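Shared between the two complexes below is subunit A, which pairs with subunit B and subunit C, respectively.
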Partner chain A sequence: MNIFETLAFYFENQFVWNAVIVGVLIAFCSSLLGVTLVLKRFSFIGDGLSHVAFGAIAIASVLKLTNNMPLVLVVTVLCAVLLLRTGQNTKIKGDAAVAMISVGALAIGYLLMNVFSASSNISGDVCSTLFGSTSILTLTETDVWMSAILALIVLAAFIFFYNKIFAVTFDESFSKTTGTHVELYNLLIAVIIALVIVFAMNLVGSLLISALVIFPALSAMRVFKSFKSVTICSVVISVVCSLSGILISILAGTPVGSTIVAVDIVVFFAFFLAGKIGGRS
Partner chain B sequence: MKEVIAALVLAAAALSLTACGSDSNKNSTAIEKTTSAVREAAADDKIDVDLTAMSSTMIYSKVFNMVTTPSDYKGQMVRMRWNFSTVEDEGERYYACIIADATACCSQGIEFELSDKSLKYPKDYPKADEEITVKGEFDYYKRDVYTYCVLRNAELEAISK
Partner chain C sequence: MALLKCENLSLGYDGVEIVTGLSFEVNSGDYLCIVGENGSGKSTLMKTVLGLRQPMKGKVEFGDGLKSNEIGYLPQQTPVQRDFPASVWEVVLSGCQGRAGLRPFYKKEEKALAAANIGRMGLDGMEKRCYRELSGGQQQRVLLARALCATGKILLLDEPVSGLDPMVTAEMYDLIKKLNRDGITIIMISHDINAASKYASHILHIGDTLFFGTKAEYLSSGGFSAKGGDVK
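And then the complex of A and B:
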C-alpha cells in the first residue's frame, strides 16, 4: 500500500475523522487567542490552566464521575479567573501565581490519583493525560460536537470583540482611559482560554498545550507585522501543523501530541529563516 | 551494485529464516500442526479488522474503540499482532494479545480462545511477551460490572521472538 492508500484505509475509521475534525478545531481556537496571550506576556497561562485541568481530572476520577468534563471546565474557568485577579495583586506577581497554581494542581492531582484511584494503571492514566498519547483518536461523537460548539463560541467572541481585544492586547492603560472595561475583557480572554485548554488536553495532553498556543503565534510574528495578518497566519499555521501532525502520527505510529508539537517547531524554524531572509527578524 | 544489494538482501533473508526456525518452533510445534491446515484453508477468509496492517498508533486506537464499543464489532473476524500475555485467575487461565500505545505507558489487550482445546499451557503456547499473530471471531462477555472482549475460535498464525 502506498501512503495515500494507507491513509484512505485509515480514514475508513470514524475515530480518525473525529480526530482530524477536533484537532483542526482545537488548533484553530488555540491559535486565535495565542497571539493575544503571547503579546500580553500570558504565554504560560495555558500551561498553568492545563495543570489545573489535570488536577480536576484527578478529582473527577477519585469521585468516580463518568463524565468529568463539567467539573474540569468549572474548576479550570474558576482558576483562570483567580489567576487573573491574583495577577493584579502586587503581593503575588502574575508569573508566580501561575507557577504556584500550576505546580500545586499537578502535585495534588498526581497525589489524589495515587492515593484514591481505583485504576490498575495509574502511571498509564497520568502519562496519557500529560502527553495525550492517543486520546485524540479515542473521541466520541459528543466530543466532536462540543469542540464544534466551542470553536463557534471562540470565533464569535473573537469577531464580535475583535477591536476591544486588539486594544486590550496592545495598550491596557489607553483602553482604560477610553472607557473600555479592561478587566472584563481580560476575564473574557481568560475564560475562553480555559475552555480551549480543557478541550485541547485531548489533542496534545496537558504538558504540551502551551505549544499549541505559543508556536503558531511566534512563527507568524517572524514574518508578518500587523495584528490581523499575524492572527490569520497563526491560525493557518496551527491548523496545518495539527493536521500534518495527526496524519504523520497515524502513519508512522508516533505519539500524536508530541508529533504535532514537533511539526510546530519545524515550522517555527522555517518561518524564522524566512523572516531572516526577508529582513523581519 | 545491484548484485551487492541483492546478495545482502538474500543473506538477511536467510539469517531471518534461520532465526525463525530455532526456539519458537520447539514451543509451537503443536500449534503449527493444528493451525497450518486451518490457515491454508482459511487463507482467503475475509478479515474484517486487520490490525496487522496498521501503525501502532492506529492499532491502539482501533483496539480502544473495539473495547469501548464491543457491540459494533461482534462477530467480525479480527487479526492482530502484538505481545502474548497470559494470566491465571481463580483457577482459570486467560490468554491475550497485548498492544501498547505510542508512548508505551498504556496498553490494551484482547483475550483469545484457541479453537483447538486440546492445546496445553505452557508447552503448546508461546512464551510471555513473544510477538504473536492471532486471528479469531470478535465477541464480548460481562463478568461482574466489567465487559471483556475475546477472540473466539482463534488461531495462532505466527509466533516470533
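And then the complex of A and C:
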C-alpha cells in the first residue's frame, strides 16, 4: 500500500476523524493568543497553568471522576486569576509565584497519583498526562462536540475583543489613559489561556502545551509585520503543523504530541531562515 | 475654570514622599514645560495626572468639560514595543479605543481620524510599515498620531525627544508647537532648557525648589541659570 491508501484506510475509522477534527480545533485556538502571550511575557503563566492542570487531573483521577474536564477547567481558570493577581503584587514577584504554583502542582499531582492510584502502570499514566497520550485516538463524540463549543467560545471572544487585546498588549499604560479596563482584559486573556490549556492537554500533554502556543507565533513574527498578519499566519502554521503532525504520527506510530512539536520546530527554523533571507531579523 | 488643576499634591512611592505641596493649573491653549533633575518625580507627576497612579495627598481636577479619558499621552517607550509586530496603521488606530468603548470594531469616522492624524504627522504612505522597523523619530511621530486620536484637547508628552538627533529633535518640537497653535494644550517633560525657553508658555520646575509660573516669571527669577543648571 502506498501512503495515500494507508491514510484512506485509517480514515475509514471514525476515531481518526475525531482525532483530526479535535486536533485542528485545538491548534486553531492555541495559536490565536500566542502573540499576546509572547509579548506580554505571559508565556510563563501558560507554562505554570499547564502544570496546574496536571495536578488537577491527578486529583480527578484519585477521586475516580469519570469526566475530569469540569474539575480541571475550574481549577485551572481559578489559578489563572490567582497568578495574575499575585503578578501585580510586589511582595511575591510574578515569576516566583508562577514557579511556586507550577512546581507545587506538579509535585503534589505526582505524589497523589503515586499514593492513591490503583493503576498498575503509574509511570505510564504520568507520562501520558505529561507528554500527551493516545487518548486523542479514543475521543468520543461528546469530546468532539465539547471541543467544537470551546473553540467557538475562544474564537468569538478573540474576535469580539480583538482591538482591545491588541491595544492592551501593545501599550498597557496608554490603554488605561483612554479609559480601557486593562485589568479586565488581562483577566480575559488569562481565562482564555486557561481554557485553551485544558483543552490542549488532550492533544500534546501538559509539558508540551507551551510549545503549541508559542512556536507558531514566534515563527510568524519572523516574517510578518502587522499584528493581524502575524495572528492569521500563526493560526495557519499551527493548524498545518498539527494536521501533518497527527498524520505522521498515525503513519509512523510516533507519539502525537512530540511529533506535532517537532513539526512546529522545523517550521520555526524555516521561517527563521526566510526572515533572515528576506532581510529582516 | 482651568482645563487641569492640581492642588497641594504629594507624590511618592511606598509611603515615601518625593514631591510635596505641588500646585499648578493649566488653561486651554497653554504650553507647559515640566523641568527638573533626573528622579525628581516628573514622570510620576504625569502618571498621576493621567490617573495611572493615585496621589498620596491632594487632588487632580479636570475642568472645561475635559474627561479623564480624553487625554493624549506619549509615554516613554517600553521594552515590549521593540519587537512588537504591529503596523503603523494598527498602532495609530488603537488611539481610538477610548472612543470605541465596548464596541468591538472601529467606525468609519474613527478610521478617517486615524488617517487624518497620520497625514498630520507627515507619515503618509507609511501605514503598512512595521512600527519596530521605523527610526526613533518616526516611532515618536506614530505615537504622537496615536495620542492625537485619543484627544483633540490636551497632550501629555514624556520626554518626546529623548534619543533623537538634533535635526529630528527640532522637527519634533516644531510639530508639537504647530499642534499647540492649532489649539491643543501641551504638557511636556523635557530636559532641554533651551527648548523650554523657546516654546513653552509656562514652566513647572520640580526638585528641591518648586516653581510654577509663566516663562517670563521663570526667567526673571533667574530660573534658567540657577534652577536650570540641571540640563543634561
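Simple rule for what comes next: the second predicted complex is superposed on the first by the 281 of 281 C-alpha atoms of A that agree within 3 Å, B and C clash if a C-alpha of one lies under 4 Å from a C-alpha of the other, contacts with A are read in each partner's own complex, and residues count from 1 in each chain.
We take it that a contact is a pair of C-beta atoms (placed from the backbone, for glycine too) under 8 Å apart; a residue touches a chain by one contact, two chains touch by 3 or more.
This one's a predicted model, so the numbers in the text were calculated from it and none came from an experiment.
> Given the alignment on subunit A, is it a clash or a fit between subunit B and subunit C?
fit
> For the superposed three-chain arrangement, provide the angle subunit B-subunit A-subunit C between C-alpha centres, rounded in steps of 10 degrees.
With subunit A as the vertex, the angle is 170 degrees.
> Thinking of the overlay built on chain A, is A:Ile250 touched by subunit B (first), by subunit C (second), by both, or by neither?
In the superposed model, A:Ile250 contacts subunit B only, not subunit C.
> Given the touch rule stated above, what does A:Gly55 touch, subunit B (first), subunit C (second), both, or neither?
neither
> With the two complexes superposed on chain A, say which partner A:Ile159 touches: subunit B (first), subunit C (second), both, or neither.
In the superposition, A:Ile159 contacts subunit C only.
> Considering only touches as defined above, state whether A:Asp171 meets subunit B (first), subunit C (second), both or neither.
Second partner only, subunit C.
> Count the residues of subunit A touched by subunit B and by subunit C, then name the partner with the higher count.
C
> I'd like to know which partner A:Pro216 touches here: subunit B for first, subunit C for second, both or neither.
So A:Pro216 meets neither subunit B nor subunit C here.
> If we overlay the two complexes on their shared chain A, which of subunit B and subunit C does A:Gly46 touch? Say first, second, both or neither.
Neither partner.
> Touch check for A:Gly179: first (subunit B), second (subunit C), both, or neither?
A:Gly179: touches subunit C, not subunit B.
> By the touch definition at the top of the document, which applies to A:Phe9: first (subunit B), second (subunit C), both, or neither?
The answer is first: A:Phe9 touches subunit B but not subunit C.
> Please give the nearest C-alpha separation between subunit B and subunit C in the three-chain superposition, to the whole Å.
Between subunit B and subunit C, the minimum C-alpha distance equals 38 Å.
> Under the contact definition given at the top, report the residues of subunit A touching subunit B in one complex and subunit C in the other.
none
> Can you check the complex and tell me which residues of subunit A touch subunit C?
It comes out as residues 35, 39-41, 159-164, 166-167, 169-171, 173-180, 220-221, 224-230, 280.
> Touching residues of subunit B toward subunit A in the complex: what are they?
53-58, 60-62, 64-65, 68, 101-103, 105-107
> Give the list of subunit A residues in touch with subunit B in this complex.
My answer: residues 1, 9-10, 13, 15-16, 121, 123-128, 131, 133-134, 137-138, 249-256.
> Across the complex, what residues on subunit C touch subunit A?
On the subunit C side, the touching residues are 47, 50-52, 68-69, 71, 73, 75, 78, 80-81, 83-87, 89-91, 93-95, 97-98, 100-101, 104-106, 128-130, 133, 146-147, 150.
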